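Read through the structures below before going on.
In what comes next, chain A is part of two complexes: it sits with chain B in the first one and with chain C in the second one.
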Partner chain A sequence: MTELFYKLALYLEYPFVRYAMIVGVLIALCSSLLGVTLVLKRFSFIGDGLSHVAFGAMAVATVLKLSDNMLLILPVTVACAVLLLRTGQKAKIKGDAAVAMISVGALAVGYLLMNVFATSANITGDVCSTLFGSTSILTLTQTEVFLCIGMSVLVIGVFILMYNRIFAITFDEEFAAATGTRTRLYNLLLAVIIAVIIVLAMNLVGSLLISALVIFPALSAMRVFKGFRPVILCSGAVSVVSAALGILVSILAGTPVGSTIVALDILVFGAFCLAERIIGGLQK
Partner chain B sequence: MKKHLFVLALCLFAASILPGCAFSASSGQESGASADAGYSPFESPTDGDAEPDGSGVDLDLTVLSSTMAYSEVYNMMANPQDYKGKTIKVNGWYYASYNDETGESYHFVIVADAAACCQQGIEFVWNGPADYPENLSQIEITGVFSSYESGGYTYYYLAADSVALLD
Partner chain C sequence: MAQLTCLHVSLGYEGKTVVSDLNFSVNAGDYLCVVGENGSGKSTLIKTLLNLVQPVGGRILTGDGLKQNEIGYLPQQTAIQRDFPASVREVVLSGCLNRCGSRPFYGREEKKLAQDNMEKMSVASLSGRCYRELSGGQQQRVLLARALCAARKMLLLDEPVSGLDPKAACEMYELIKRLNHDDGITVIMISHDVASAVKYAGHILHIGGRAFFFGTAEDYAKSRAGRTFAFAERSGEA
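Then we have the complex of A and B:
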């Protein structure tokens, strides 16, 4: 045990581990805040779809040899987020079909482009790193860390400022529209925030595992709490603790960061399901 | 309120498209490439002048988990100047390649991440008594992180003091 703590203390003295902890916790917090809204609006799978879009955009950016991939990834992901969130009511291709279509389409085209126009000798490594995060979170530069912190603070700030309106459009969008809330505008804002979080979270858990970061903390909190605010607070706490513990476990045990975090999220979800049953049993 | 919303959305978008937060698909990183990490990895207990075991090793990657070791090697490749002159101990797979143009063989120790999909190779040169090991042997190297110029590029390698075969 002492050896474990010594090792942990040693690892925490590495700047890149401290950066990973800061960025990981902030991304986890952002994704869990929006996760509750997405789950309640039945958009759980949208994160997965958008992350695949981000993967496709990244492949195109790599092929085009853009010096900064974000110049392409973020606008494309935001555009798709807006499209997906707006196609809910009037589109010919309805919600889940649209998400599935864009998701697999972007994934396939991205992988195809990376193979046909290979810019690196290790395509498998590049794809693995992007899909599963690999050690991306442990290889961030200082500039990337500061930008991630800035964007996370903005996302959290927007969520706090718009809390009441997000609450309104989450539970009853039509009623909110009838009472004068500009639902389209707030949905657009929501789409931008979701896209930003997805792109940020690709560094932490990779594009295939982002959905877990969005939905598991929210679903865990919903097992025990019923109010919007308690669920949000609990979801945030669960997500932050899972991300921090996941990063620590992965560096100590030498496991992949993203999948370790998601595995912890699943464990917490199981524990909350158990707690729900116990609480339910006690109340009968 | 509408204006307020647009300003916030604009801020989010503008912040996002600034350089950074890009993906660190590290396997394609070339030796000598410089990133803007802006920190020294030797702020840690691995600091060179006071080795706890008196072995003369500044950075011992063999005591780190695979995830940590890979990340540190990535940083070595991204910011080689920070590591130059340091004595480094590393273990991994040995791999040799022959270049037809230069007529020389190059020797690497390959360090993989936890999933083994991302790998970083560190070139090393050894003038020891024994031959280089067989390809894909598990080896442990101790050497000084150095550089050489070739074809207008700077390449970084380990000038190995010892190369040991691991079981």
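Then we have the complex of A and C:
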């Protein structure tokens, strides 16, 4: 046991491990905060869809040999998020179908482009690391860490300031609109924030596992808590703890970072389901 | 001047007109029931009055100091709300949002208003309970308390008793009657239940198809539209 701690202390000496820790925890916190709203608005899969869009945009950026991939990825993802959330109610193609269409389409086109205009010899490796985020979180530069901290502070700040409005438009958008809340504006803001988080989160868990970061903490919290604020707080706490533990475990055991975090999230979900049963049983 | 006046209003959405040339007015303290068959445009009318849908033609005028964001609204329940984790207090408080202006959080005044309205609807004892675990009647009272937080003068209710058992429905009608009678709140309600509409409302608006009626409830009960509709309802239920 003490040996394990020594090993951990040794690893934490390295700046890249500390960077990964900071970025991982922040991204987990941001995605879980918004996850509650997304799950309740029946947009659980938007994380998956948008991350595929981001993947497609990344492929295009790589092919075009842009110096900074973010310049293309962020605007494209934001545009898709706005489109998906806006057409949610009245669109000819309904929410889930629209998300699925964009998601699969972007993934296919992205992969196709990467293959046709191969820029490196190891395409499978590139695609795999983009999808599963394998090691990129351990290769973060200082600038990227600062960028991530800045974005996270922005997202959390906006979320706190908009908290009451987010509640209103999630619980009953029609009532909010009827009584003079500018629902369109807030939906737009929400879409932008979600896109920013997803682009950030791609570094951590890769595009495929982002949905897990968005959905699992929210669903776990909803098992046990009954109010909106407790659910949000619990969801954030669960996500932060799983992310921190997941990164530590993955360093010690040499497992992939993203999948380890998600595996922990699944365990927590199981535990919360059990807790719900026990609490329910006690109340009877 | 009337609080709300509709002049030659045509209703519809996506370019399709459902009802055309609608003329009626609502005065402060009125109790108006809107009846008509399914698909006759009752919900569209409410949404148009709330400015959620633009009218296809005609004009809707508000007067008597009524502002657009002073109309309270009790919508039909949505699927999302059935498994939404929210406490009663959080739901009621969300009705105060239009009083906050650009402030991000609720102040003491809004919290007091929410508390008062919860007491008025006798759901104050449930304030910490989870909304989705309440009975249908309790849920409607919570939503009514929320609507009261937003409304100062007028309430629009979209089938407030649908899905309630007879006892809860009766309580709901009495509650709405008290709000109209004691607090002087103007009530506009969509209803399927013509018998109760005639019993409680002061005025009836019947829309849809060839049948059009606007007038007092007593006249409606005698009118041809009212008789045929009430008869069809009764034979439909049997």
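One rule holds for everything that comes next: the second predicted complex is superposed on the first by the 284 of 284 C-alpha atoms of A that agree within 3 Å, B and C clash if a C-alpha of one lies under 4 Å from a C-alpha of the other, contacts with A are read in each partner's own complex, and residues count from 1 in each chain.
Just so it is clear, a residue touches a chain if its C-beta (ideal position, glycine included) is under 8 Å from a C-beta of that chain, and two chains touch if they have at least 3 such contacts.
Computed from a predicted structure; not experimentally measured.
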Open item on the list: Given the alignment on chain A, is it a clash or a fit between chain B and chain C?
Closed with: fit
Task: In the superposition, chain B vs chain C on chain A residues touched - done: B
TODO: Kindly classify A:F171 by the partners it touches after superposition: chain B alone (first), chain C alone (second), both, or neither?
DONE: second
Open item on the list: Is A:T181 touching anything from chain B or chain C once the two structures are fitted on A? First, second, both or neither.
Closed with: second
- [ ] Would you sort A:L200 into first (chain B), second (chain C), both or neither based on which partner it touches?
- [x] first
Open item on the list: Quick check on the superposed pair: does A:L40 touch chain B, chain C, both, or neither? Answer first, second, both or neither.
Closed with: second
TODO: Figure out whether A:L64 sits in contact with chain B (first) or chain C (second), or with both, or with neither.
DONE: neither
Open item on the list: Once chain A of both complexes is superposed, is A:I278 in touch with chain B (first), chain C (second), both, or neither?
Closed with: neither
Open item on the list: Let me test your reading of the model: by the given contact rule, A:L161 touches which partner, first (chain B), second (chain C), both or neither?
Closed with: both
Open item on the list: With both complexes superposed on chain A, which partner does A:K226 reach: first (chain B), second (chain C), both or neither?
Closed with: second
Task: Once both complexes are placed on the shared chain, angle at chain A toward chain B and chain C, C-alpha, multiple of 10 degrees - done: 170
Task: After superposition on chain A, the shortest CA separation from chain B to chain C (Å) - done: 5
Open item on the list: Please report the chain A residues shared by its interface with chain B and its interface with chain C.
Closed with: 161-162
Open item on the list: With touch defined as at the start, can you tell me which chain A residues reach chain C in the complex?
Closed with: 40-42, 160-165, 167-168, 170-172, 174-181, 222, 225-229, 231
Open item on the list: Under the stated contact criterion, what part of chain B meets chain A in this complex?
Closed with: 2, 5, 8-9, 11-13, 15-28, 35-41, 43-45, 64-68, 70-72, 74-75, 78, 113-115, 117-119
Open item on the list: Show me the residue ranges of chain A that touch chain B in the complex, using the header's touch definition.
Closed with: 10-11, 13-17, 58, 62, 67-71, 74-75, 78, 119-122, 124-126, 128-130, 132, 134-136, 138-144, 146-148, 150-151, 154-155, 157-158, 161-162, 182, 185-186, 188-189, 192-193, 196, 199-200, 202-203, 250-257
TODO: State the interface residues of chain C toward chain A in the complex, per the touch definition above.
DONE: 50-52, 68-69, 71-73, 75, 78, 80-81, 84-87, 90-91, 93-95, 97-98, 100, 104-106, 128-130, 133, 146-147, 150, 156
